[in-house]
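This structure is in structure tokens; I'll ask about it shortly.
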Amino acid sequence: PPEKPTIIKCRSPEKETFTCWWKPGSDGGHATNYTLLYSKEGEEQVYECPDYRTAGPNSCYFDKKHTSFWTIYNITVKATNEMGSNISDPHYVDVTYIVQPDPPVNITLELKKPINRKPYLVLTWSPPPLADVRSGWLTLEYELRLKPEEGEEWETIFVGQQTQYKMFSLNPGKKYIIQIHCKPDHHGSWSEWSSEKYIQIPTGESVKDM
Amino acid sequence: PPEKPTIIKCRSPEKETFTCWWKPGSDGGHATNYTLLYSKEGEEQVYECPDYRTAGPNSCYFDKKHTSFWTIYNITVKATNEMGSNISDPHYVDVTYIVQPDPPVNITLELKKPINRKPYLVLTWSPPPLADVRSGWLTLEYELRLKPEEGEEWETIFVGQQTQYKMFSLNPGKKYIIQIHCKPDHHGSWSEWSSEKYIQIPTGESVKDM
Amino acid sequence: LPICPNGSVNCQVSLGELFDRAVKLSHYIHFLSSELFNEFDEHYGQGRHFITRAVNSCHTSSLTTPEDKEQAQQIHHEDLLNLILGMLRSWNDPLIHLASEVQRIKEAPDTILQKAVEIEEQNKRLLEGMEKIVGRIHSGEVGNEIFSQWEGLPSLQLDDEDSRLSAFYSLLHCFHRDSHKIDNYLKLLKCRLIHSNNC
């Protein structure tokens, strides 16, 4: 019979829907069919995956109607072919704990040159479009990292819930790479890093924003 | 007869009691007496102000027993003297919307200097003593503002329901002024700003908290 | 025993977590209802004094709800939970019709339509959560007795536009008030039951 499949990841981008992915085991060359089954905490009933297509191969997508964050899901995947079938270990999902937002967007870098003081950099960004953060429904925290272009080590700065940050201590003449990512304030995981942004700190007056 | 009085303000400091103030009209020099009358939504009965003294002249204080939420008070003030009487325009009040707390207290500023990372500032504060946030009846949100001592513009940061905040992007060598105010979580208005707090960000290692 | 996502042994969402999520949701629903009410008032209510007809018009006014801190603290938590459940159930039907009937208002901005639909969805979601919480706390079957029937659909379909808009205004005014009560009572219960009155 086919080898036991493994549920590798479940993720919710905005606490409204979620998707799970699995990795098939070896199938000995036989055409193998995969069925995702789930039950909810305290209920006997077993349901089948509502949508195998939206999130691509070896995945199950739970839309708003099938997503509840009041309960823990017990999820298994069954592999079946003409030689028999095999079931994965159970994977327990609490939607609040698998929230991984998309990266922040609209990142802008602006060099400020106050008359009698050293220039400093102002970074601003916006939360990922999907997450409705205005009212505390999904509160995000941000962390930024930067390093000189030819540098090896990133410097990481946690900035809490702010969507703006002022950088004072930058080396004139250096070109910096900057990225930002975000995470829900309680449970859940960091988003991917945003796309890279570059800024050239001027030695003299001129500045070039790549 | 005396001129029509005007009800100028009603305020609840802790979402348990409230006070209304009125401004007398001209009384032509005649000794004039003021009576505050009110009725509540869905009731025919008219009541008189329970306490004209506690909140000072030209005011009416409604203690807990006389304060209801989610119901509209219809309030008028009648001026009477020997020449006749005159009644103010009705003033409609739902106490839910007139909560203006006192400012936060016990504000502390502490500079943290982690070994391999940049120093940052930790602010902590407490809700105004009158406000009972422990029971959950009143939930407060906070906003802080800061600016370099000689600076013009305040930078304002909304921090939600936390009573602690970490500031990362501060200009080394600068002396900052910081204030905090608070508001009920949905309706009502911001308190006055708290008293000013100062902190000197060190260029080198030493720090002085004014 | 299998490892549960948040380390809990018997694989269920803790009561504390259920209350956290319920409070976050009730806060969000009231925030949405404030935005919807204010936007509707700005768009359709200016100078029409709809408030005078809205006062004392709520279909849930038959439910006796605490009106100050003392009353709210004296009521037994099971009764207050049942009351919240009853209010949510009483709003299930009107919110479904609000979300559909509002689509027929002339030039209703998208933001009003979207919020009406989202409020209906989130209210249903909060009802699901409250039934779970009550099920956990109540030993017996979840009581179904508290409910207030809504008869307002015909008034949302009147031909006379002013009367119809006034009916919408009253419904939004009532939901705005009731969603604030629900949010307030839930925050109170969470502090009482989960944080022993020490929030």
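A, B and C are the chain letters, set down in written order, and residue numbers restart from 1 in every chain.
We take it that a residue touches a chain if its C-beta (ideal position, glycine included) is under 8 Å from a C-beta of that chain, and two chains touch if they have at least 3 such contacts.
Please read these numbers as outputs of a predicted model, since none were measured by experiment.
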Edges wherever two chains touch, nodes for the chains themselves; is that graph a line, a ring, a star, complete, or other here? complete
If I average the C-alpha coordinates per chain and also across every protein chain shown, which chain's average lies closest to the global one? C
Would you mind pulling out the distance in Å between where the CA atoms of chain A average out and where those of chain B do? 40
Rounded Å distance between chain B and chain C, as computed from the means of their C-alpha atoms: 27
Distance from the mean Cα position of chain C to that of chain A, given in whole angstrom: 31
Which residues does chain C have that touch at least 2 chains other than itself? 27, 31
For chain A, what residues touch not just one other chain but two or more? 136
Contacts from chain A onto chain B in the complex sit at residues 120, 136, 139, 157-162, 165-169
Spell out the part of chain B that touches chain C in their complex, as residue ranges. 15-16, 41-42, 64, 67-72, 92, 96, 132-137, 139, 185-187
Could you please specify the touching residues of chain C with respect to chain B in the complex? 27, 30-31, 34, 51, 55-56, 61, 65, 67-70, 72-73, 177, 180-181, 183-184, 187-192, 197-199
Within the complex, which stretch of chain C touches chain A? 2-6, 11-13, 17-18, 20-21, 24-25, 27-28, 31-32, 121, 125, 128-129, 132
